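As structure tokens, the structure follows; a few thoughts come after it.
Chain IDs A, B, C, D, E and F follow the sequence of writing; residue 1 opens each chain.
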Amino acid sequence: MKKIEIIFETIYLNRLLDLFSEKGILGYTLIRDIEGKGSTGMKSSDQIGDIFRSNYIFTICEEEKLDSIIEGIRDFIKRYGGKCMVTDVLLITPTVTDQNLKNE
Amino acid sequence: MKKIEIIFETIYLNRLLDLFSEKGILGYTLIRDIEGKGSTGMKSSDQIGDIFRSNYIFTICEEEKLDSIIEGIRDFIKRYGGKCMVTDVLLITPTVTDQNLKNE
Amino acid sequence: MKKIEIIFETIYLNRLLDLFSEKGILGYTLIRDIEGKGSTGMKSSDQIGDIFRSNYIFTICEEEKLDSIIEGIRDFIKRYGGKCMVTDVLLITPTVTDQNLKNE
Amino acid sequence: MTTNLDLIIQNILNPPILFFFLGMLAVFVKSDLSIPQPLSKFFSLFLLIAIGLHGGYELSQSGLTPYILKALSLAVLMAILVPIYSYFILKIKLDVYNAAAVSATYGSISAVTFITGVTYLQSLGVEYGGYMVAAMTLMESPAIIVGLVFAVYFARDKNKKGESEKTNWGEILREAFLNPSVYLLMGALTIGIVTGKNGWESMSPLFGDLFKGILAFFLLDMGLVAAKRMHELKKLGPFLIIFAILMPIVNASVGIALAYFFELTKGDALLLALLSGSASYIAVPAAMRLSVPEANPSIYLPLSLAVTFPFNISLGIPLYYFIINNIWS
Amino acid sequence: MTTNLDLIIQNILNPPILFFFLGMLAVFVKSDLSIPQPLSKFFSLFLLIAIGLHGGYELSQSGLTPYILKALSLAVLMAILVPIYSYFILKIKLDVYNAAAVSATYGSISAVTFITGVTYLQSLGVEYGGYMVAAMTLMESPAIIVGLVFAVYFARDKNKKGESEKTNWGEILREAFLNPSVYLLMGALTIGIVTGKNGWESMSPLFGDLFKGILAFFLLDMGLVAAKRMHELKKLGPFLIIFAILMPIVNASVGIALAYFFELTKGDALLLALLSGSASYIAVPAAMRLSVPEANPSIYLPLSLAVTFPFNISLGIPLYYFIINNIWS
Amino acid sequence: MTTNLDLIIQNILNPPILFFFLGMLAVFVKSDLSIPQPLSKFFSLFLLIAIGLHGGYELSQSGLTPYILKALSLAVLMAILVPIYSYFILKIKLDVYNAAAVSATYGSISAVTFITGVTYLQSLGVEYGGYMVAAMTLMESPAIIVGLVFAVYFARDKNKKGESEKTNWGEILREAFLNPSVYLLMGALTIGIVTGKNGWESMSPLFGDLFKGILAFFLLDMGLVAAKRMHELKKLGPFLIIFAILMPIVNASVGIALAYFFELTKGDALLLALLSGSASYIAVPAAMRLSVPEANPSIYLPLSLAVTFPFNISLGIPLYYFIINNIWS
């Protein structure tokens, strides 16, 4: 499975979630009010109001879906800024066999 | 080394930590009150009370311990829900030689 | 690209950011007030004051820079404690070609 | 003579109640209004401490009279009765685990419903006893135990096939009697009793004067949270929704009957009715999630939070008072 | 006779203003003072509710007189005029998107500037109308719409080459009229009107008595945040910095002229001037970031927060009052 | 005549103190009670601002008399003396770094201990001076400098072998004199002086009337945090535990002797004793962690927070007052 991590401005959360559901992403994990620095300056968590604040989200998805999702995220980042990373993960499910662990 | 990440309901934190110490896991990092969506609906951070709230935890452990820990986590998830992922990481320690970095 | 994750005591944040800029790290993402357990006991988020509190930071950087950065972080950890992990990630940029995704 | 409608309007034209509906409306019109969790926590800690301190102070003035002991006994009786008969009603449609969890939820109480009733009595100028806070505290825990006994007893057979998961009664008792709500309420009550008049005077600028304002703030938050859970009601079907409205009325009526029979005052009768009719949405759901993970929180939480709570604070309070007013006079 | 300097000192020797500068100073001397975000949120929710409730209560006492309707109409007029002429001034140096965003920011209002003006009037013993809170509420949204119409209209050509991004007017209207600030202010205003004297009396120990203290706390926080944004001003160049100081004076003067022409009282005139001269730093920046992502928030936020806001609360208020005082008498 | 026991009971039957023990008890019985960090921060910001404003207001009324200058000088003297002799006592068992860190901790002060003493004097009706807040502010920083000088001076040899880590005195001085506690206290004190009676009147509904209630809330939190650190005491051994109880008594006694010799009033003597006897658990630990990372925070924080603080607020205050009462009369 692939883990897609995205850092984005808080204010665009709903648009990102819309993108997710468009692309058939049904699960995600979100951490609000993180901080960070990048090409667009500092984002900090102690703002008054929602400008210059960041969130972090990740979703685990099947490799087959990856290309289509990444394409959507690339457009998102082009328009709204942010960063996106992809890594390989092994998802542990209650039913998976021990075999999977070895083969990672 | 392996990084084991788990997302679970806040209310079961003590049980997960019990499982960790049972399995000889001595170190972990915890982020409270994250949000997320999955098969059991939305977990949000602005609940009144502790139901429908999630935490995120990860632990770095040796590959030899992995199987035994994963087995415990699988039971945990079967009973209490949640998600678990495993990835490879390189742990940097003050004493490790530069060699390790190259060999990753 | 490489993802360098560091867990460190809140109080040393400025010193770590100084190290980052010394080493030419221009971007990072920071999550404050996480919790954790390790060789130096429990760090919790509900302290009064800043002692025994932890932050989590990560930075994505090019592989060429890795050795120099890790060396600095190793000194940092030796003096101030903390944990550091390195993983491989694929950074998605608005301009990257789909080729990169395949080659990961 | 005040009519039923007057009683309702008197109740609804109360800033805290209106803030509750303002919160609900925010969700329905998709305003982004939100209240960060540390503030919710602050408001609920504040309210628990305030209720406890004030009740303790009043108890320190009144002492423990036979009348008070009678009222406290009736409260405990209701806290044991309600979850028992609720369980068997719920078993009609639900499995053992969910029936146990829902009955525990309804057997326990909602402190905010209680204090909304108190401010209602104050606005009508009707007397009530500070010892009813002690009654409330005593009513929080029993239902957790009753619900769990049902879950363990009636689910024996199922458990046999699974691995032998022993019920950790120590943890459950701690959860029932030492969960933060009960603990803080008992603690503040005790401090209120021990420090008496002097204590209350030094604390009342914060915990007395600001009480209604903070209640309004907290109800705004509860409105937001309750409305966000409402969409889950659709999946639950009519039986449970009707249960969540009728059950409070039934429980309140049983409370009223007992209060009448044992000659409580009108004010105390309303509070006993409200305690009997209200359902928990913090302490009991947390206890159930821990000890009966098989039960579905998307059943017991929305019923309590998004149906019974709004019903009680808007229509329930004046309705129960209307009944009491007619019977007592 | 009070001189201009007296008026300034009278304004500055006010704990809330001093706390604002204490916050700024903390950043300049690199003290680690910080206020967690949930507290900022608490203070701003508190202030909005308090302003709304009190304004609503006063409206419930005064009713809707022709004079009040006149004042409200002038307010709406200013809220539409200001962003229009600001846009064309800003276009001298900025592109369409940034000009639209900055003009929307200055067309809308800052509630904290408004209430700082109110406490100033109170300290001078000058009368003003509670209905000005309604005026403020009406002035929040129009500039968002005006700014967006400009952005969409004048950027048509550019958009043609890109993918056809249709403007989502539904979302924009919701953002304009139902953003948390506007929603809460309207809601509290309505609750204040509906519950009248009784309502206000039950809420005033929290939302009335503590108002100035919480304002001081919030301004301490705003000082910290404003000072942290100051370094961004260097990049903006003199045109915009001068704009951020002159524009409030121009807008306030237009407001004063209208107030004089339509015979508002001195107190109401000051508040209209302040509303016209103040710029938004919460609601409008959020709306602009959402609907005009092409505009650079490092332009419109620091101008409003780190230049116009400090200017208005320290020098603007006494300056505008000095002008009014000389014209009216 | 009040006996020592009466004095203790008078102190302990105080809601804030009782809430402290309620917090501790919650940890011991494993209740899940917790107070989110933004609330702790709110309470401590509130208390610092309130103490500063009120002290400043009183200073603005009294002016700077020779008596006050004497009291302030004694305070500074104690703040320099205590860490010096503490260091040499601690060196018996600890290494340079830990001895320096612990002595800095005990040389500085605890604002909450101070204000608990103030409320104690108020409950006894004993007079004290608002200028003691200035004394407290002056006492916060010197011990940080003294501790660091010891650490740097006595650890020279060790440092030689390691890489040449130069002590960053700029950062250390900023940490000593501009850490958030000192900064906010000084700032609020100044605002209190500058705005005088009018200023205090506008702020007192929040920062005056609610003071004891917020203190109770904060002490509940401190009880939780202190109890959670208690398990670390086991590892520290009897020398340090005894130090953490005897040292406050010694330091307070030296303070009392000086106060008697220089003819301070009874109230001021108690406050000087408390300031001398109390230990820092926020500002100094943070400064030490930054500038002496070699010292173990699991030594200096639990000693101050989990031993000295509870001792001082429960038994120390009445004990010191008992001594003063006997000597002065």
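Here, contacts are C-beta pairs under 8 Å (C-beta built on N, C-alpha and C of every residue); 3 or more make two chains touch, one makes a residue touch a chain.
These figures come from a predicted structure and were not determined experimentally.
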item: Chain copies touching (chain D, chain E) - same or different residues, decided at half shared; value: different
item: Farthest chain (mean CA position) relative to chain E; value: B
item: Chain whose average C-alpha position is farthest from chain A's own; value: F
item: Chain centre separation (chain C, chain E; CA means) in Å; value: 40
item: Chain centre separation (chain A, chain F; CA means) in Å; value: 46
item: Rounded Å distance, chain C centre to chain F centre (Cα mean); value: 35
item: Separation of mean Cα positions, chain C and chain B [Å, integer]; value: 18
item: Chain E, residues touching no fewer than two other chains; value: 34-38, 42, 209-210
item: Touching two or more other chains - residue numbers and ranges from chain A; value: 31, 45, 87-88
item: Which pairs of chains touch, using the document's own definition; value: A-B, A-C, A-E, B-C, B-D, C-F, D-E, D-F, E-F
item: For the chain A and chain E complex, residues of the former touching the latter; value: 9, 11-12, 33, 40-41, 44-52, 79-80
item: Contact set on chain A toward chain C in their complex; value: 7, 31, 34-39, 45, 54, 56, 66-67, 70, 73-74, 77-78, 83-88
item: Touch list for chain B against partner chain C, complex; value: 1, 3, 26-32, 60, 87-94, 96, 98, 101, 104
item: Sites on chain F touched by chain C in the complex; value: 34-37, 40, 44, 221-222, 224-225, 228, 232, 281-283, 285-286, 289-290, 293, 297-298, 301, 305
item: Interfacial residue positions of chain F with respect to chain D in the complex; value: 13-15, 18-19, 22, 25-26, 29-39, 42, 119, 123, 209-210, 212-214, 216-217
